[in-house]
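I have placed the structure first, in the form of structure tokens, so that the comments after it can refer back to it.
Chain lettering (A, B and C) follows the sequence in which the chains are written, and residue indices restart at 1 in each chain.
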Amino acid sequence: MNFQGRDIASIEDFTREEINYLLNTAKAMEPLAAKGSDMLKGKILANIFFEPSTRTRLSFEAAMLKLGGSAIGFADAENTSVKKGENLADTVRTVENYADIITLRHPLEGAAKLAAEFSKIPIINAGSGAEEHPTQALVDLYTIKKERRTIDGLKVALVGDLRYGRTVHSLAYALSLYNIELTLVSPDALKMRREVLRAIQNRIQVSETQNLEKIIPQTDVLYVTRIQKERFPDQAEFAKVKGAYRVDLKTLANAKKDLKILHPLPRVDEIAPEVDSTPQACYFRQVWNGIVVRMALLALLLGQVK
Amino acid sequence: MNFQGRDIASIEDFTREEINYLLNTAKAMEPLAAKGSDMLKGKILANIFFEPSTRTRLSFEAAMLKLGGSAIGFADAENTSVKKGENLADTVRTVENYADIITLRHPLEGAAKLAAEFSKIPIINAGSGAEEHPTQALVDLYTIKKERRTIDGLKVALVGDLRYGRTVHSLAYALSLYNIELTLVSPDALKMRREVLRAIQNRIQVSETQNLEKIIPQTDVLYVTRIQKERFPDQAEFAKVKGAYRVDLKTLANAKKDLKILHPLPRVDEIAPEVDSTPQACYFRQVWNGIVVRMALLALLLGQVK
Amino acid sequence: MNFQGRDIASIEDFTREEINYLLNTAKAMEPLAAKGSDMLKGKILANIFFEPSTRTRLSFEAAMLKLGGSAIGFADAENTSVKKGENLADTVRTVENYADIITLRHPLEGAAKLAAEFSKIPIINAGSGAEEHPTQALVDLYTIKKERRTIDGLKVALVGDLRYGRTVHSLAYALSLYNIELTLVSPDALKMRREVLRAIQNRIQVSETQNLEKIIPQTDVLYVTRIQKERFPDQAEFAKVKGAYRVDLKTLANAKKDLKILHPLPRVDEIAPEVDSTPQACYFRQVWNGIVVRMALLALLLGQVK
């Protein structure tokens, strides 16, 4: 399989076979992540982030450095030529001269696709609008596979803000390529958008509920997301919801021993700190996985791994 | 010719012979820009930017990385000791300890010269005040020479804001060292300053006009700059001017086949997107040239190329 | 002595023997600082700065680059997940995946200790709250030793803001491990805190005064700090104090020939520019020393030097 020169604009551009190939390549990166490599020596990654995202940016930078390459870029749009009125197409056609590969974080839907059209070098979508965060979805799949050895056959629950979170949309799509049962757990105001739901329902069994407690006992993978106060016009409503979707030791009392809890981070109150030291908590190991998956993407897109 | 340890404070510090030498060195950098090099391994570039300028900063960083060096610095003055009241001389005498070469972007005229006086390591002016942007002028000359094989004998027109744009001042001076005919095209409020004009009129033939359309047919190089709304107290006046200096396919209908259009970027409305795909459009190739010219400067000033 | 895997949270964690060991290692770094090294090739430093500090950040970055490593991170908390409500423990457990060693600058007392508890990789305190700046104290000691060949036996005066400046607290503690006489010179409102004073008075002779002029003649090392306007509710009071603690050539007329003046920088008015060219002025050389000391710390904590 040859990924050289491809873009990672949407998780929907990938077949199950391609995703498996990416995950296997990520696995092969583990030793290089631990001890470094010169595989991408001389290559430059440009991070162009029109929205701040320390986590994703540092993850890509670490991935590039561990492969011997280097990184440049900007971390928010405040100090850039965008403020002078430059459009995205021009920014891309400028930055492609400085680098060998670009990661793009942008507040607008479709930004990565537009960028990919104009760019001569590979574009990786590092989050666009509320819909797409394909590399996070790959990290999530990799984490599930690493923790559970398989994705097929699992009962996966997505919990929290399923409406505005860009990671859950990409992840739901990615999961629908596997033979899983998906449960969507959210307050009514934060239910997954109908169009995303329809797309995945064609392929896998999906059920929706507001009750986290009830579905915990049969769940294999619990994917928790942050619920943002700003989403609720009524603060009393928010307080109620917040309590109902908090995962703590009591929640875990009824869980399977080999339940795996994932979270894209940052976490606020939705997982109690007491959970951190349980074997179920995978979210900090998930950060490490983010590096190896991104190493795989960089190496594949730059043609250094086939 | 030995550039080791010199500063690049003003384009006016260079003779025609020196500039030609720089341009030839830049040409020799083209293969290194494409495949990387270890020429400056272990060397550190410090970007100290008291005004944001993503483009120039990334161009220098890319140049340094492609030569195997590395870059540190800050991208605006907001988070620096300047806010604590430190003067430029102290900043320079601090940063010279961290690096082997410094690029400085500063809002004040003369900042680069002051910095050069205090610094033990080379200072490169990355834009100071409204007057100087010597490395951009070198990039522009390099682009003209690469696109037209020669600078001498050409009819060059500078279009747009010739009053406040720092690139046009440095470029006008640099062009005046060659045997060219220069046409200055601008609205009345944005005419080139008299002192700059006088300096170059001693050496080359210069004419001024407000009419872009009229001079297009005989022009060999059209250098377009952005006209900023803020420069006009009267917005109706701005709207009129904006329309008159927009380059589009209709403008090009009367142009020479081998006209070359340059722009320091970012571009807003002054060149229509439809022009981008014409053979006349050089402005994105100009970005690439920025890297090779800056590679040449870094290598020469650090004494790695003679 | 083995420092591998240790944290640098507080200067108080170190014995005199350990500090001497660090200073000797720093001395051994001088040639590597001048010509570069590959000692930390493949290692990544993460700077996580919740408060801006260009100087300390660039010093650590330069130290890492000179040892062949690389650096990532953020320079202020504005654009980070902290804004989304993440706590420090989570930030650390995330960033430790990206890097081999972390420097932390934080507005709160105790932040570095908390971070060290949660981190699997070494944490270096790059300034926390108003109390601790251990690496600056080591740089100060190194500078004194390099300039005077010894620390023992010297008369050291700390001048200026001894109440709020984090560097003087760490430095006072560090100095108290040596056989010195310490004089604290400050306006009444900016006297050193009683608890710091008590801790060092057990070990060395300390005297307090408001009169800089009087103590100058017998002083060997004068450590000057910036007095900030904001500390004074009454601006007339500030103006008076500012004048009284300004070091200029007149101040130096009565000083020993081999007096050494240090300053953590940035400097505003407290040392007149005319002093810069005297042999007594060490503060710019002190910046260089900051790099070699930090190179020693990075190499020791990462186990590359024993």
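Just so we're on the same page, a residue touches a chain if its C-beta (ideal position, glycine included) is under 8 Å from a C-beta of that chain, and two chains touch if they have at least 3 such contacts.
Keep in mind that this is a model prediction, so the values were computed, not measured.
It takes 120 degrees of rotation, in steps of 5, to superpose the Cα atoms of subunit A onto those of subunit B. At the interface between subunit B and subunit C, two copies of one sequence, fewer than half of the residue numbers in use are shared by both copies. As a whole-number value, the distance joining the C-alpha centres of subunit B and subunit C reads 40 Å. Multi-chain contact residues of subunit B (touching two or more other chains) are listed as 70. Taken together, the subunit C residues at the contact with subunit A in this complex read 41-44, 46, 70, 72-74, 78-81, 83-86, 89-91, 93-95, 97-99.
Residues 35-36, 52, 54-55, 58-59, 61-62, 65-66, 68, 70-71, 75-76, 226, 265-268, 273, 284, 287-288, 290-291 of subunit C touch subunit B in their complex.
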